[in-house]
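These notes open a run of structures that come right after.
The two complexes that follow have chain A in common; it is paired with chain B in the first and with chain C in the second.
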Partner chain A sequence: MSTAPPAPRGPRSVEVLRAMIARPSGAIGLTLVGLHLLMAVLSPWIVPYDYKAMDATITLAGPSPAHWLGTDHLGRDVLTRMMLGGREALLVTGTATPVALIWGGLLGVYLGLKGGWRDEVAMRLVDAFLALPGILPLLVLITVFGSGGEVLMPTLAFFFGIPVIRVARAAAHEVVARDFVSAARARGHHPLDIVRRELLPNVTDTLLVEGAMRWSWMLLGFSALSFLGFGVSPPKPDWGLMISDARVYMSLAPLGVIAPVIALSTLIIGINLSADALAKTLGLDRSRKAVI
Partner chain B sequence: MLALIIRRLALGLVTVWLVSVIIFLGVEALPGDACTAILERDAHGEALEKCREIMGLTTPAFARYMEWSAGLLTGDLGVSANGQERIAELVGYRLRNSLLLAAGALGVGIPLSILLGVVAGLCRDRWPDLLFSTGAILAMTIPEFVAATILILIFAIWLGWVPAIVLTPADAPPLEFFPEFILASTVLTMLMIAHIMRMVRASMIEVMAGDYVQMATLKGVPHWRIVFRHALPNALLPAINVIALTVAWLLGGVVVVEVVFNYPGLGRLLVDAISDRDLPVVQAITMIVAITYVGVNLVADILSLALNPRLRSHQARRT
Partner chain C sequence: MAGTPPLIDIRKLCVGFRGRAGAILPVLHEVDLTVCRGESIGIVGESGSGKSTLALAAMGYLKHGLQKISGDVIYDGAEMFGRSPADLARIRGGQLGLIPQNSGQALTPTMRIGTQIREALHLHCAMSEGEHATRARDLLAQVRLPDPEAILRRYPHELSGGQQQRVAIAMALAGEPDALLLDEPTTGLDVTTQAHILELLRELARVRNMAMVYVSHDLGVIARVCDRVQVLYAGETVLEGPTRAVLREPAHPYARGLLASIPRLGEQTLPRALDGRPPGPNGPREGCAFAPRCALATQDCRAATPPMIEGGADQMTRCLYPDRVDEITGDQAGNAPHGCAEGSPCALDLAEVSIRYDRPGLFDRLRGAPRPPATVDGIDLHLRQGETIGLVGESGSGKSTILKAIAGLLPPASGQITLGDGTALPAAVETRRPDQLRRIQMIFQNPDDSLNPRQSVGEILAQPLRLYFGLRDKALRDRAVALLDTVRLGAPYLERRPGQLSGGEKQRVAVARAFAAGPEIVLCDEITSALDVSVQAAVLDLLNDLKAAHKTAFVFVSHDLTVVRALSDRVAVLYQGRICEFGPAAAVYGAPSHPYTAVLLNAVLTPDPDHAPRLMAEDVLELSPPARGCPFQRRCPVKCGTICDTDAPPARETGDGHVIRCHIPLDELCAKQTGEPPKS
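And then the complex of A and B:
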């Protein structure tokens, strides 16, 4: 829990970032994430080929000077598709994570402060939603709505916000018992004022670490959905989809699988290492916390 | 103690009931129903009316919920949307196969992960710890389908030791799933070990730093006896809940792994049902998973209450 004064946001975030880079896990993690973001932003201009361009004469070719990582079963350049393959995932999860964090965090803090029957009812609902593990609830919604980015973004934001409620509520509970909240209550502040001025600054750190972890899990979920064929629709390049397509021809062209596997793994490992460094920097060690 | 168990049981039942309401209402509130899902573009006019009549969608929602949940209680899961098959029959063997896969993973995974966790905890910050912990982080961060694909590439294609996918039909006797079964359960075991091992390691370190361990050392109790007799039972208590959560995670992770290995379990049935937009089957499988999840967590809660008197008095004081 941060006891730092509510200093202006800028300097503190720079300070935290600097402290993260000082740790080996943070340095490696942030570098990996940074490189991936850079690749996602720049790739449309630097890819060697068109990601849709098929060439029936060179299907499943091995690496060559023209195609560094070979081609897939439709003769499309693997390097091009690998470089573009993270864009959709990063866009969808990058939007859905903050949304999940904000709605889950606000609701959780509010429940933690308010308590009472609302809290009890909400927590039972949260339990019920969490009884559907992993990507199951997403799959149910996809059955009804169909797949695609415009469905996935709100769905992911909704379902990944639910566990955040619980975390934010627990963090708020710790703060609510402190003297300065009682003082604010005694001064007659409005509950919303208390949430904004006393609770939120004190739970932001917890929420940030939670958000970083949620991001990596969301990315896992997204690529699993793509892999199962319920995420990004072809011919758009996506790592999950590429692995699922290329896996059939794995014995002929292993690079078609290995390239997206490495791209996806490095991104997720990068996010995890960064989250770890962030938690340690902010003094919130997650090692004892259960995994959901 | 009994009051606590009853309370947990009641909470579990409430959760299951809420899940059933969410699943039912969720599908109800969303635009479209089982019929529009199956018929897709042809969902209008006469065809839609007829389908709704066959599926019994013309009765009010509340009556249908009562019928559906009553069916669930008696084990009657209804009929699937397209084949008009009984879902209970469809699910039966596949549930068994999925449980078989999970049992294989758990049977190997739990003892192994406890062993690795204890070793890592005792050798804190020395090479076994660094090796296992790094391995655990890798296993936890890499998606299941990636791990599965890599294993297939190495063991089935490059080394050729085991077949890559399962071609056995769903209703074959369990022994026929070998040796294809091995790779699939290895993937699950790997991921599971990572979670449990980290927890056991952390609590082992904490317990070994305790006063009573120091006391025992000073008294001259042999090291192995301290570890196994004094420290381990205490270190395992927090692991019970993590094991339960891991089992629950296994239920979700199993979906992807089953698809990768073409294993005829519940997960693959679910994915097929989603592709066919077969809502009744999806609803039934989701309910089964939710009930298993709640059940496993309930057992873990009761187990840790029974094994840990401290938790009991602490809980009693708090509630």
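And then the complex of A and C:
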């Protein structure tokens, strides 16, 4: 009997990352996301100006050697504000996404396993939430509790977790129908044990891809809130807020709008491309194939 | 057949795929295949031997990732791989038909049968739309489907598996093919259906003078329908010859081993397993591929690949010692199944168990609508310690449902399941105590589905060990290794994942997981039907040993009568969720039998060229049991009259606990079965 050891391979995450980079979409997406993260971390030390420094003499100026992207209506450097503008968004959404994923995922998987009336009730509630235009309940909560990161984070985590329930439940349903779950049930494992050992490892892939998609949606939602004046409060730099401020002067200083728009869209495109590559990579899951 | 040029002519075909390391790994290695008009060739081999690849290559098609390395595939005088796409489209499905395995899945679920057949006609027949309807009816009549008009209007899910297969055959015939490629055409069908389909194919091939290529792992099928057989092993032809010679006196040790691993109705011993497993495509290609598993292997075998030589009786064999193949059978009688001692204490008792899938809605309850009869009804079984009870029946007979009820996954509607010590077992698994759960373990049909692909073998085995015994760390690992040893795997397997194991190894892990709990009762649900015959024999052998070592009782469910025969002490024959016949295996498989048992037994195929199944009842789709009378009333070939429709049949005892539920008296049943001459 051949007992050759399995082919040596690194941890699965490294393997997945390598496979993602091998795809054009993954390479571009991960580069974009990486650059944005790098910029968010390093920007306080490398920005050319103080983001609050106003200069009334050069309001709405065009590009110049001193201000590459010009200045805004208060004479602040657009480049500086653009580089700093993603920090708050990334911090809030970067925390809220995993939270949304975890609570929505766990609940969804549990409902998928349990089924019955609990599942029925919960899913109708989810339907009701999803029927509302996304930003509306957000606005209500923010008007009640006030804006700012400490309110936005749990609020976003809550609302963006709801669609995750549905996805996780569907993924779990597929796994629950398989015999290894029946086997675990027949052995008499606790339902939470089954969720942890049998279901979660098999829905993680779906959840990861869903998480990447949620993240890009959440970024967009966060920027929309800032744009509407419910997110980051001035003078803190934020892309949504920058677009909102500069759009009045768009014909005079178009870069004030274009710069944050490009920053925001490259980040979102980057996340989407990475999510796409991740989905495709995981679709070719090695653990389901014989190693040859 | 000399003189006429062959229709399909494959010469020295090499097919391979690019492995992860970049090297091209061969799947087929210099394989020849010649089929003439009116000839039937069987391609036999274990899974992974390349038999399906060979058949598809005859169509000029290779699965994604595979590439032709060298060789020719000539169909009707021209190379298939050089043809234009339009040309290929005309030939495929037209002159060259394919009948895939599991055609139920090959039919589009949302289209009526009529539409699908018309589509095939539209593509491959030059005729007006108006003629299509007539032609479609003709085709369905040709495959002997009753009431073609009604079938044309149905959707695939409204047909039985056998009927779906017939529709697939009808569609393959739409283009008036000269040759048919059949990829496991009857795998997954019930024995009776299988026998009927094979008869149909034989008849069609004869009438239309078609060339047939059967791909199958089942030598019983090959024996019934093929003139010649080609045995593939690890992508190479190892034996080629007339069916009779190959089945009677194979000139290659692999074919000999394959034949020995098939369980047979008449034998009292377990089939003999082939040790080892076939080499993977990345193994070194030096010497005979079968040498590591061969009892005859010598230094010469390992030195160079043996050439194809004359092996006697018109066979060509890739073996250096075709004359010595006979030697290896002498001391190879299979192990005797371990029986259980008479009067062993009870392990499990089922009393009047009935199970329902339907749940009447509120409206039906208010209306007082009559409930349909229970899916499974009146099951009385008494399982003794160390005993194996086999449950046989066609698909839909409720065999697996009964297992689920015992396991608590499907609480019965009424009746009581009692453990050996007299404690009544709560119906649902959630309400059972851990010690009750531990005593009943289940092994599932398909190990691909019953093992979590994300867990290593070690983690899989750890589940029951942690749950029932609270083992941790070192103790856990030691116990897991010990379990792997009992199923003839070893410690190196601990770290592997199911995806890295072969089908047989996976099922062994599943067996080890069941035995990890130290169960008194093991429920086996078709556990060998997804495995190759040689692997099946090994798993049966393993269960037999475990049964002797642990005094475990088995409830063994299978649609394969020979497998049940090989392992069971007592057998229950189920039809539509009711027991027709129950008793010691020898009695159930002998005369007299219930008419249904007789139908099943007569339809069993054996790898014997002179054996013909005796067909009685045509296959029909029965979705629910009849409300009254004998469950088998609608298909019974010896039905005695209206009494069968109205009254439940009495239990007639022949002694020794052998019970037949039939209105016909025993001696009459006996006379009917022994007196009737075989139909074919």
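As a convention for this text, the second predicted complex is superposed on the first by the 273 of 292 C-alpha atoms of A that agree within 3 Å, B and C clash if a C-alpha of one lies under 4 Å from a C-alpha of the other, contacts with A are read in each partner's own complex, and residues count from 1 in each chain.
Basically, a residue touches a chain if its C-beta (ideal position, glycine included) is under 8 Å from a C-beta of that chain, and two chains touch if they have at least 3 such contacts.
Remember, predicted model here, so these are calculated numbers, not experimental data.
Undergrad: Touching A:187 in the superposition: chain B (first), chain C (second), both, neither?
TA: Touch status of A:187: second partner only.
Undergrad: Examine A:56 and indicate which partner it touches, taking first as chain B and second as chain C; both and neither are also allowed.
TA: neither
Undergrad: Is A:46 touching the first partner chain B, the second partner chain C, both, or neither of them?
TA: Touch partners of A:46: none, neither chain B nor chain C.
Undergrad: On chain A, which partner's contacts cover more residues, chain B's or chain C's?
TA: Result: the larger residue contact count on chain A belongs to B.
Undergrad: Looking at the overlay, what does A:178 touch: chain B (first), chain C (second), both, or neither?
TA: After superposing on A, A:178 lies in contact with chain C but is clear of chain B.
Undergrad: Touch test for A:268: chain B only (first), chain C only (second), both, or neither?
TA: first
Undergrad: With the two structures laid over each other on chain A, which partner does A:128 touch: chain B (first), chain C (second), both, or neither?
TA: first
Undergrad: On chain A, what residues does chain B touch that chain C touches as well?
TA: Dual-contact residues (chain A): 287-288, 290-292.
Undergrad: Flag every residue of chain C that touches chain A in the complex, lowest number first.
TA: Its residues touching chain A are 19-20, 25, 275-277, 279-282, 407-409, 429, 432, 434, 437, 440-442, 444-446, 449-455, 459, 463-464, 467-468, 488, 490, 492-493, 495-497, 499-500, 513, 517.
Undergrad: Show which residues of chain A lie in contact with chain C when the two form their complex.
TA: My answer: residues 1-3, 5-7, 178-180, 182-189, 197-198, 201-202, 286-292.
Undergrad: Looking at the complex, which residues from chain A come into contact with chain B?
TA: 124-125, 127-129, 131-137, 139-145, 216, 220, 223-224, 227-230, 240, 243-244, 247, 250-251, 254, 257-258, 261, 264-265, 268-269, 272, 287-288, 290-292
Undergrad: Which residues, counting only chain B, touch chain A once they are in their complex?
TA: The contact residues of chain B facing chain A are 11, 14-16, 18-19, 21-23, 26-27, 30-32, 37, 137-138, 140-146, 149-150, 152-153, 157, 195, 198-199, 202, 241-242, 245-246, 248-249, 251-253, 255-256, 259-260, 270-271, 273-275, 277-279, 282-283, 286, 289-290, 293-294.
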